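Here's a structure for you.
Chains: A, B, C and D, in written order; residue numbering restarts at 1 for each.
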Amino acid sequence: MKEELKKRVIKGPDGFEFEVDPLQDYYCEAPPTVQPAAYQKIVEKIFNWARSESIWILGFGTGCGAIEMRPLMTPRFDAYRFGVQWRPTPRQANLFIISGYLSTKTLKRAIRSYEQMQNPKYVIGLGSCTINGGMYWDSYNTIKRLDDYLPVDLYIAGCMPRPEALLAGFEEMKKIIRAGKAEGGNLYAENFDWYKANQKKVIHDWDMPEHSW
Amino acid sequence: MSIRDVLSPFTAWKYLFRDPVTITDPLNERPGAARYRGFHQNDVQACIGCGTCETICQNAAIDMVPVEEILTESGDSGLRPRIDYGRCCWCALCVDICMTGSLTMSNEYKWVESDPDAFRFIPGVDKKHWDDAELGYRRPEGHRLTPARRVEMHELEPETRIGSFAEIVDGYSVADGLLEAERCVACGLCVATCPTHMSIPDYIAAVRDGDYERGLALLYETNPFSEVCGRVCTHKCETACAVQHEGEPVAIRWLKRHITDQVPYERYREIVGDPAPATGKRVAIIGAGPAGLTTAYDLARKGHEVVVHEERENPGGMPRYGIPEYRLPYDMIDRDVDLIRSLGVKIHCNSRVGTDVTMDQLQQEYDAVLLSIGLHLGRSTRIPGSEHQQVTKAVDLLRAITDGEEIEAPRQVVVIGGGNVAMDIARSMARLQKQQHGEVNLTVTALEDFAHFLADPEEVKECGEEGIEILDARGPQGIMLDENENLIGLKTWHVVSIFDEQGRFAPSYDESDEQIHQGDMVIEAIGQMTDVSLLSEELTEKLEWNRGRLAVDVDGRTSESWLWAAGDCVKGPDVVHAVADGHRAANSIDSYLKEKTV
Amino acid sequence: MGYQPDRSQYPQQREDGSLDIDLTSGKYLKLWQGPQHPGITGNMSVELTVCGDEVVEGKTHVGYLHRGFEKLMERRSFIQCFPIVCRICVPEPDFNEYCYAAAVEELAGIQSPERADWIRTLILEMGRINSYLMYLGGQAGSLGQGVIGQWTTYVRDLMLDRFEELTGARIYHMFILPGGVRGDLPDGFNKRMEETLCEIENVLKDVYETMFCNAVFKKRTVGLGYIDPELIEPYGVTGPTARAAGVAKDVRKDQPYLVYPELEFEPVVGTDSDVYARADVRRRDLLMSVDLVRQILSKMPNDGKLMTKLPNVLHWKIPRGETYIRGECSRGEYGYYLVTDGSGFPRRVNVRGPSYTHAVALLERLIVNINISDVAGLMVSLHTYPPEIER
Amino acid sequence: MQTLYTKLKQLFKLGELTEQRQDLAFITVAQEQLRPLLLHLRDREGFTHLVLLTAVDWMEEGQFQLTYLLNDRAGARDIGLRVMLPRDSATMDSIHDIWPTAATYQRELREMFGIGFPDSPGVNDEFILEGWNDIPPYRRDFDTLKYSEENYSHRPDRETTDPAQHMKQQLYPDEG
């Protein structure tokens, strides 16, 4: 185990001593729970409409696809006018775009980022490699099916998909959200053990907290 | 740092007054460029399902799958590519390599789906909205990843070859063979088409590797007449070759010959290997042609004792007695036959069944009997005057030439027929005319027009080079005789159609277009039939027949459990079909003999 | 007298040269910048040990984009490697295609036609323009100047349109294949290219005014990340990073390839070797590329073959040999080391990306004692693209 | 290149020379000769730039080939030094003191090929891989497809048909 991940007692400059355990997240010591829909159908509909019109994307370029995000964020394609914007932290985002292949090393980070996002949250798989491995189908270091590790709401074909295809994806995503079918976060909570088992199968050194959000 | 550095960034304010660069409707306003590599299109009618796209795809994105509405036929596997967009990287190598040019790419690029398994489709079969897109990536003109042109085969010049019966084709040099072998894309359509399923891509790969002995072993695994087939095979494989669609088919037949040319004959026996231990079973075969000897070869390798009865002086059957020497030298037949003999097969020549030995004897002495008696009787046109003595049949003439009989070539000859036999006899007679009279004067009249010609195109071409006149769509109507009953020519009418609406043979003629072809001799080369007189009357009665041919099951077995029939006499004339038939009969006989032991 | 930080609490060096960082002392904090961080170039991370707001040690962590290309290529035939190489570097993929194609051509003993070489050069220069435009946006953005990225991404997109009509794809062009190039220039390409180049020049004028003549930008970048010219060779520094230090390293001039001998240009050189100088060198180099594209389009022969005759690519075998092909990409020297063994597959391919030395050894050295807020600016100034480090 | 080789040959024990191009040559060097040769090339001959350091696995011959590629910018020429190491227990002296950047290359070689470089700083730290549990992946005996199939799930129902076999069955249904 890496030095900085070990449990240790730290003495601050003011003489105060405290214990640190980097592998434990103090704020969440239980698996995620399912978020029930609003009691009133009409309220849930309004919620979903609001959610669909404010897609905030986590700015984490996990693979090649990240390069086509730039044009979307800038004047020519201007995704902002469709209610889509990029956020620097998972805490503020509700859509995680897995932009292409995920190496196991990135998968580990992607899982933490995903778990830190607030419900309801959505995942879009971008490009062939999230669907069935793409051109890295025989690589020893990339996962082949994204839906084994994270619940995916939508896939966009291409290698890599163009900004216009991404915009089409956003439109489709909005429809799914409005229809109340974007239940990825709840799916993740319901099948938490299954997802964890899959994740641990490919991440051989699991040196991070079991749950984090 | 100056005041300018503080003020100059404010120039950015001018952007307030510029027109926006934003695309108003990015979803509809931006079709892909004219050569954009978007989603796949496939012209399923042009596609032949050769699977070369699957071979070149480095992402294993393409599967070949059977498609209901596409029928398997010669040169079309009936499969079509299914592309997995969970793998594809849109590199378009599949488009570049496509043998028919049927696979292309549209300029459509938007496909969004919740179901990850939906990104799998058969272009052209599973309807997509981009099927009719006009723009998109097409293989640029002249951009080829495989050589399209065949390596030219050196042949004797027409002037040289017409004077003798020397073999015309030189055979490839090692360098040429390598270049030609390079062109194969190893799709295997030829394997399926070849009646005896020779492992063509494998032996072509052996040529590429320069491992001719491996190649020879592969040849003799499926075809003991490789020397013969390497020269005169009807090469159905080449008509199925995927390379022909945008180029010329791989010269599979010449490559087969190339392998046999490269391996010294002394090595053959060792490469073929020793037969299995003797089983004590005995099989008699009637007729030492390709079918009979193939069966003999297979059975001998399996350890059975085989005796072959051959009516004529030499074994080899139709390849020896029907095919002229300039196409297939006799010693090449001897090489294949000797190889079969070396496996322990006994061949009794000049032994006619029915005369020298009877069927009953064979039935009693042997565990199984195979009839492979070929088609050695020529058919007649039965037109008025066809019984004239100067009207002969091509098979008889060809046999006489092989037997070395003195033949006086008439000065002017007319041949009836448009198949390869017609070409063979025409070219043989042309050689005799050249030798005896110094000039060729020969007309071939064929029922078919050139668009539906029966003979190989190269035969037709070479006939032309040798000064033989070929007239297509001429139907023979009568032999012209002068007042002294001497033959002076043939009368023909123009053929309008050969088959009637039901597809039956019923030629119709345009009587106004009549021609007289002058000649001292007319040769009929319109087909052959079997001489079944060797069978006893009792046996003929007992056996089942099908339109004058022996009826056999799929394995070549007749209605009598001890008797099989194979080759031309049941399947019609073709060397490689005969070989395939021989294998089938051998397998069937072998399993019958095994059952008998148990 | 400027601000002088109090460095009395900084760790001591151990005998082996490493720093004596005691995490339990409470003086130091481990801080990860990346991979999910807005101030990181692509998908990589730097593990910072900070004391106060200064970095005492930085370690580069890469491998988030590792797909094992060099291994995958060993089980792909020579033509099958062609589509996959461009994925090694996303913003400027064409160098992979060129280097791979040239290496294969050299070992297979074939020659690409002259016109194909011109088109190859054109594509490489277009890619360089794109890469620099992305860099300028990133450099300004890392220091809080978002507007530059808005402008440069727009003109970069115009260039992508030119790429699209020429090659049939926006990002991964897959156009330069062993033996030549895949197609010819489309009709009217020169005219549209000229319009795009003019637009780029206009935008660059504004970029110059707003970014380079900006007191804030200058204040933050002048003197930051100084690279001693002495370090250039030991650290294998190449490209604009080396040229900003006054070393006129430019493969296009030093060991010319393709049609560079027929083009007129002088390597752009800077003097100050800090972040500002590197940005400025790249801006001027970008203008030079614009000029080179014009030169190429005017000097190019009007017709000619685009592909040499290839053997059947399905069984293409190349005799045993090894070679190294290099080119000058926007970050520095890009190279392919190809080893063949007579079979139909490469024995070994090694990709030398310039970021390999810049982002690891060099960055770890430069990052010491700088402010946390400057880390992003420094890292971007080395112009690193992580996928070419780990491949 | 030939002149340089002759000159070097007088000072060092050198193996075979391969002149790939006019400006690129490869020389085989014995393991112990490498360091003095590198220093000589760097300080006397102008080969100051270490372009790359990588390895080739000649598994069939039981050897690793280390390639040190040096560039002389002024002379516009490159030289590649080949060092052959036995494949089992391959270790090599570190050259990070000659070129600091070599440490990164050596770290990668340690991880991806399993070639040891004692004394190279941080050589045993994970570089590209994380939690790797198999033999070093760039070795020839590591089968990436097999590893991928065993460790990751691929989408099911991908079935292909061999055109030759399918066609044979269709055209000759009677044959077994």
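One rule holds in what follows: a residue touches a chain if its C-beta (ideal position, glycine included) is under 8 Å from a C-beta of that chain, and two chains touch if they have at least 3 such contacts.
It should be emphasised that the depicted structure is a prediction, and the values quoted were computed from it without experimental measurement.
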| item | value |
| --- | --- |
| Chain separated most widely from chain C, comparing mean CA positions | B |
| Centroid distance [mean C-alpha coordinates] between chain B and chain A, Å | 60 |
| Gap in Å, rounded to a whole number, between the CA centres of chain C and chain A | 29 |
| Whole-Å separation of chain centres (CA-atom averages), chain C against chain D | 23 |
| Inter-centroid spacing, chain D versus chain B (mean Cα positions, whole Å) | 49 |
| Interface hub residues of chain B, defined as touching at least two other chains | 21, 58, 84, 86, 89-90, 116 |
| Residue numbers of chain D (touch at least two other chains) | 129-130, 137, 142, 144-145, 155 |
| Residues within chain A bordering two or more other chains | 75-77, 105, 131-133, 135, 137-142, 145, 159, 162 |
| Category of the chain touch graph - line, ring, star, complete, other | complete |
| Chain C - residues contacting chain A, complex | 23-27, 30, 35-38, 42-43, 63-68, 71-72, 75, 83-84, 87, 90-91, 134, 137, 149-150, 153-154, 156-157, 160, 170-172, 387 |
| Chain A-touching residues of chain B, taken from the complex the two chains share | 20-23, 26-27, 30, 39, 58-61, 84-90, 109-114, 116, 119 |
| Contacting residues of chain A [partner chain B, same complex] | 75-78, 81, 125, 128, 131-135, 137-138, 145, 147, 152-159, 161-165, 167-169, 171-172, 176 |
| List of chain A residues in touch with chain C within their complex | 3-4, 8-13, 58-64, 66-68, 70-71, 73-77, 88, 90, 101, 103, 105-106, 109, 113, 135-136, 138-142, 159-160, 162 |
| Chain A residues within the chain D interface of the complex | 104-105, 108, 131-133, 137-145, 148, 201-205 |
